[in-house]
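Next, two complexes with chain A in common: one pairs it with chain B, the other with chain C.
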Partner chain A sequence: MLLVFIMAIQIITLSGCWDYRDINSVALPQLGAYDIHEESRSGTSDLPQEEKLVDLTVVIPNLSEEVKAKFRIEKTPGLLIGNSRGQKPYSSPGDYSPAVASIIVFGEDEAATGLNKLNEALSRGAKNPHTVNYSVAEGRGENILRVPTDDYSTMGDYLRLLLRSSEKRGFIPSSTLHQFEVDQNPGKNPVMPLLIIKDEKVMVNGAAIFNKDKMIGKVGLKETQYLMMLRGIESNGNLPYILNKDGKIYDYGSLSITNNRKVTMERNGNEFTFNISIILEGGLNEHSSNVLFTQNKDLRKEIEDQVTSDITEGCNKFIKRMQEEYKVDCIDISKYALAKWRKELQPTIDQGFIENVAIKVDVKMKLKSIGELN
Partner chain B sequence: MKDKAGSTISSKQLIFLIIGSQIGIRLLYLPREITGIAQEDAWLAMLIATIVPIVSLFLIDRLGKRMPEMGFTQMSQALFGRFFGSILIILFIVYVIGFESVVVRIFSEVTKLYLLPRTPLVVIVFMFIFTVVYAGSKGARVIGRLNELLFYLLLVNFLVLMIPIGEADYTNLLPVGEAGWDGIGRGVLIAAQYYAGIEILLVFYSLVNRKDEILKAGIIATGITAVLYVVIVLICESVFGVAGMQHQLFPGLVLLKVVQIPVIERLEFIFLFFWMGMGARPAINMGFAASLSLTQLLKLDEKKYLPYLLMVIGLAMYILALLPPNLLTVFDMARYAGYGFYVIGIVYPLIYLIMAFARGGKVKQSA
Partner chain C sequence: MKKISRKPLADDQAWKEAKQKIPDTQLPAALNDKMQMLQPYLQKGADIITRPFYLEGEPPLSAVSIHLNKVIDDEALNQHILRPLMLNCRRESIQDLGAQNLIDAIYKTSITASQIRKINTFAALVQTIFDGFTVLLFDGIEEVLVIDIHGGEFRAIDAPPAEQTMRGSREGFIEILDVNIALVRRRLRDPNLVVEKTLVGTRTRTQAAILYIADIADPKIVSEVKSRIDQMNLDGIVASGYVEQFIEDNPYSIFPQTFTTERPDRMVPLLLEGRIGIIVNNTPLALVVPALFVQFIQASEDYYERSIFSSYIRILRYLALLVAISFPALYIALLSFQPELIPYDLVISFSRARSSVPFPVIVEALVMEIIIQLVIEAGLRLPQQIGQTVGVVSGIILGQAAISAKLASPIVILIISVSIICTYALPSASMVLTTRLLRLPIMLLAATFGIFGISFGWMIVQTHLIGLESIGVPYFSPLAPMRYPDLKDSFIRVFLKKMNRRPVSIPMQDRKRQGNDGKGPEQQ
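Take a look at the complex of A and B:
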């Protein structure tokens, strides 16, 4: 019995010998940026012109309290991400472990070349979480990392709060590694938040549109709003409205809105018609006129009608742009066709399908609350 | 032979024992394997495949009812004679060693990949085999209780696996039936292999107290396994989609990496911590069954020699588990081992039953 006990203790502790690591010596990047390596971009790298190196820039918090800087920024080039990580031992002491990385920012140029090859290291590494948030930067991703953040410990902290579950705070798509992977399935395409630097501050300025793993376009904040509603990403956001009468503005204000989507479809031979019903619900935040709701019973309906009209018009414009310019399904409706005729449609769903379908939008707005004031 | 190899087990414990022998590490990769064949209809294939273990259960029950007090070894030798009976027993033991060494290797690979990347595989495999030998040496009653305890942990783990349901998209499950009879049929053939473990009843039948409850217990156990299997396939399909799932080696585990829960940042590590016991459990059950059969075949005192023979079987599993050069080869081996289930779970009881009918009263005499 004693022998068994000693053996058991030995076996249990045995594994610790190999996998033991001092936490202070581990480099745990919080945030990473993937960009095309500057030299290979300009054609001066040793690599063949058609194969561009990637720059991996990471923000690593300094765990020791004795050092002055809260974090350090490290940049290494490589063939792909794993290779870039492999260059770290030459310039950075300690073990590099991306297990707690929570944000990846892709440079615009890199995103346009296709991200699947960069995703490999993140998906294949068993330690990496699939909840890491994805975003695209206008210009180079590393520039985002270098913006000073006086109010937050690191840019990683700031971006994590900005991007994680961003749809709950505004009409901002949040995208994760898992969602990106799922959006590589037939009939699907990812969208990601688009980051810019403005007045020395990083902010969301719209969304990046993808054809599978390649970025093909970007839309501003207003269009992102329509994209979110059409795509059925349930969000909480702020919508302004303006009421006109006889060419004059008589009331304006803003609403807190939640959105929902229902999709039905019909098929007549090779003609597909999608009916997207967008349901908006929310409450009044503020309005400019002194009109009391109890005195003007129509005001509530007028606000609802105006918002309905604005959103319908915006959605239809977005659909037109999607079908004529992007030519990819970025509103995630092809899946409803696949759900009925998968075998028949799957081989061609990503080639010329979305451009040739009819998409009808029906918006229903319900102003459920006017708050405490009349 | 009763009350020698760690006493008898109740029919309730038999339920846990069968579930414990069926559900192990395979739960984490079966959605990929089945959807690879039956596409969106994988869950349907998984459900239809329950027919195979039920047939196996029915055959073993019929066989056991004819010779209720005979163990697998005595039964084999009584029906087929000492020579051929011994060959059948040895083949059963070889099957168990082969099948469970694959299970141990896959579980060790998962442990290495996710938890102990720098620990050599030989050490991890040794840790598992040590657990198998130690638990198995305590006898049938302890194994029964261990399975019961681990069953409740399995339920907790299963609830954890349900957490990513918020990421599910029902359209990934549609349309139903598009794989056709061919796709679903081939899916059923593979899916049925994941119910391997029911054949443990060949050995445990004689150790159960209430023989009249065995069929019911087996149906309940297979039913529970089927529900867990079908649900995990449905969740994986709806979260990843069929095409996306093919990129994951262990979709059941990656499932836990797609959600984030406050405080528990990395759900998969918590899950794996509890799954440790579940991974070793089929090997414990089947390893015990094999060593019991070997002890009886060699006509040794079970109480005295069973732990030693379990060590021999454990050593064989250890060597075999380390033989494949990589995980992909192990997956190939797992497929072949899965076909072995048809032989041991269906063909064995069938030919035993035919022989029992053919020999009629002579068997009772020789018993």
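Take a look at the complex of A and C:
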């Protein structure tokens, strides 16, 4: 009997599970956006300018089938994420359960101020899934949430499909809470998909480049493609090509490509040379029927050479921009140096290292399938 | 946990004396005296048939046949006993042959029934009559002939309803002990198969047979089983379930510690593994001990199908066991404590389904669980046709009505239904009952402590299973204690030709089951 009593006491005290709440009484935000508070932006906030308030806007699906609107959008300001959540009870019935949110969109300005203050609050909650997808909006994040979606129940549904495993569908980076944390280790920097509103539709328009938790730049779709290849994010995407001969286009088409990366490194004193080998494999989707592979036995090689040349040029331009403009390692190669000389390099790896290394790119392409006999 | 004492009780002697109320005296020679002594017993039993007759001769010998109505084979009585005695018996007088020689001459030359023995005490006479034997009493002879012509009406051998197989035998045990023993014997023609009969119940005097293979079964376990059966001090049993409850190690456990089967082809492989079978008269369910937990997830079909399919089905059954016990609890825990663990689309779907239900998740789940358990009970007790109707009506109409009345959401009906289906995917009826019972406390733990509660519940269950024994054999073996060789017939079943040795979880004398341990062709 005593044993049973002791066990009962242990269960009660150890459980920590007296947080029963019925699912019916929980508000389940699907999508959240963090922006600098509008008053802060205009300098009308009571707080000093450096203590900017944050606006938290969420999309919460309406659960009752008797309600016409499928979802509601709620916006609350606060000092930080927790404080902005704390405002929810005043305007939103039900226990607010942020942990189920599957997408978070950061406003461009908010991202530029640094996301760790928000990220810490998200990471600290043990219930928050590491798989919550991060993205940056051009302009304010809440604007993305307010774009009408006719084909999807909510913008959350749309963005979830758009961003989750996006690298499998195109050269689009995906970032999660977990990945964002990992990418802030020494020698690493996060990247996130960049969302824009175009023709009343939300779409990915490139990537946001971060220096640790602060957004420092944004690149377009083409550069994002090179970023993905250089960074070694294995993707499946579509590449167009054009073959010129004597100043005239004689074939063009598109390829379905998967990319891979191998990095080797050499050190000579304080000079580091990174050799990035980008391996592309794929097949021909389509091409202009002016030339047949059966007629031109070299056509396959010409396509491979042309794509290889284009990508090498694009990658070199991106590397130059990275070293001269961003001055952070957004292609994730510093880790190879750290792996060998961590003690020596770790204190300075994020301060002037990437700008001073030599980076050589070698692109290899194998067009495996062309859809014609040759 | 208290265990039933296996030591003889202090009042054992009094009990034995009470049993021996019938005077154990020598029978008198005169027929009238014998009938006079029997009169108190005969007058209480309207079903006792006494048939006086004369054996042909000069002077005719007066005799009486006594038997219970419809317990014996009337045809055998007439053709093999009464007819030869009344018409064909050419006897000498008692004076000429003497009583001993005369009765020997009668049963050796006149009675054609095969099972005959002689008794000469009054207590034995009374017991044999009520045991269903036919007794012949002769005037002037002390000894009485006891003839076994049991018969009468009984159920024909049929496919066992609760253990159907696609590829196995269609024969199942019936209510007649001797037929059941014969069903086993027909499949196991080993001269070392021992069949020991005993009587259980001082008043019902129910026959029980203990079966084992002498050179495989562990003598200590055999002795322990016999001892436990012998110590059953009760007035009567009507089913093997009584024996099960008396011989099990831990009566407080909800897990079955004896394996029940109604298939002789299930019992024979278990006997071949060194287990002991107990068949009780009037019960089509035989018991097999020692029982292991894994045994209750195995079906006879597992050994008839090829091992890949058997293993797949067996893994599915383990999954079914988990789902049957934990699925409603998991639903309660996730919706009440950890909705974050549910994929977003699903949690919204659950919430929308529950939005009109005014009760907490646990109440909703409990209501449906109890309703469905009652429907199952009603279906089992009702005649088959009505039972099916009740099942269909309950399934369709009650479910719809519960949703319409906002007593339950569609998802909880799905959850409970899936768990019920999984429950009945288990091949053992005993384990089905255990699963039905275990689901409830796990649900309550989940409602109180969330997923932690489910983990805690399973921890208690596993701890209990690890400590449990069946006739002194660890119940959770081969998992705890770990018996690696036996894993080849636990979660999966390896190829039959690889199962060269008997499982070590069951103590036995001879480990070798087949093959010659890779020593090349067997020398005959």
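Please note the rule applied: the second predicted complex is superposed on the first by the 353 of 374 C-alpha atoms of A that agree within 3 Å, B and C clash if a C-alpha of one lies under 4 Å from a C-alpha of the other, contacts with A are read in each partner's own complex, and residues count from 1 in each chain.
Methods note: a residue touches a chain if its C-beta (ideal position, glycine included) is under 8 Å from a C-beta of that chain, and two chains touch if they have at least 3 such contacts.
All figures in this text were calculated on a predicted structure; none of them were measured in a lab.
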Based on the superposed arrangement, let me know which partner A:L161 touches: chain B (first), chain C (second), both, or neither?
neither
Once the structures are superposed on A, label A:I23 by its partner contacts, choosing first (chain B), second (chain C), both or neither.
second
Thinking of the overlay built on chain A, is A:M203 touched by chain B (first), by chain C (second), by both, or by neither?
neither
Going by the contact rule set out at the top, does A:S97 touch chain B (first), chain C (second), both, or neither?
second
Identify the overlap between the chain B-contacting and the chain C-contacting residues of chain A.
11, 15, 17, 19, 99-100, 127, 129
Footprint of chain B on chain A - complex, ascending:
4, 7-8, 11, 14-15, 17-19, 99-100, 123, 126-127, 129-131, 176, 178, 181-182, 184-186, 335-336, 338-343
Flag every residue of chain B that touches chain A in the complex, lowest number first.
40, 113-120, 123-124, 126-127, 130, 134, 167, 169, 171-172, 174-175, 178, 239-241, 243-244, 247, 254, 257-260, 265-266
Flag every residue of chain A that touches chain C in the complex, lowest number first.
11, 15-17, 19-24, 26, 28, 30, 61, 63-65, 97, 99-100, 102, 127-129, 156, 160
Note which residues of chain C are touching chain A in the complex, please.
335-340, 344, 347-348, 350-352, 354-357, 360-361, 447-450, 452-453, 456
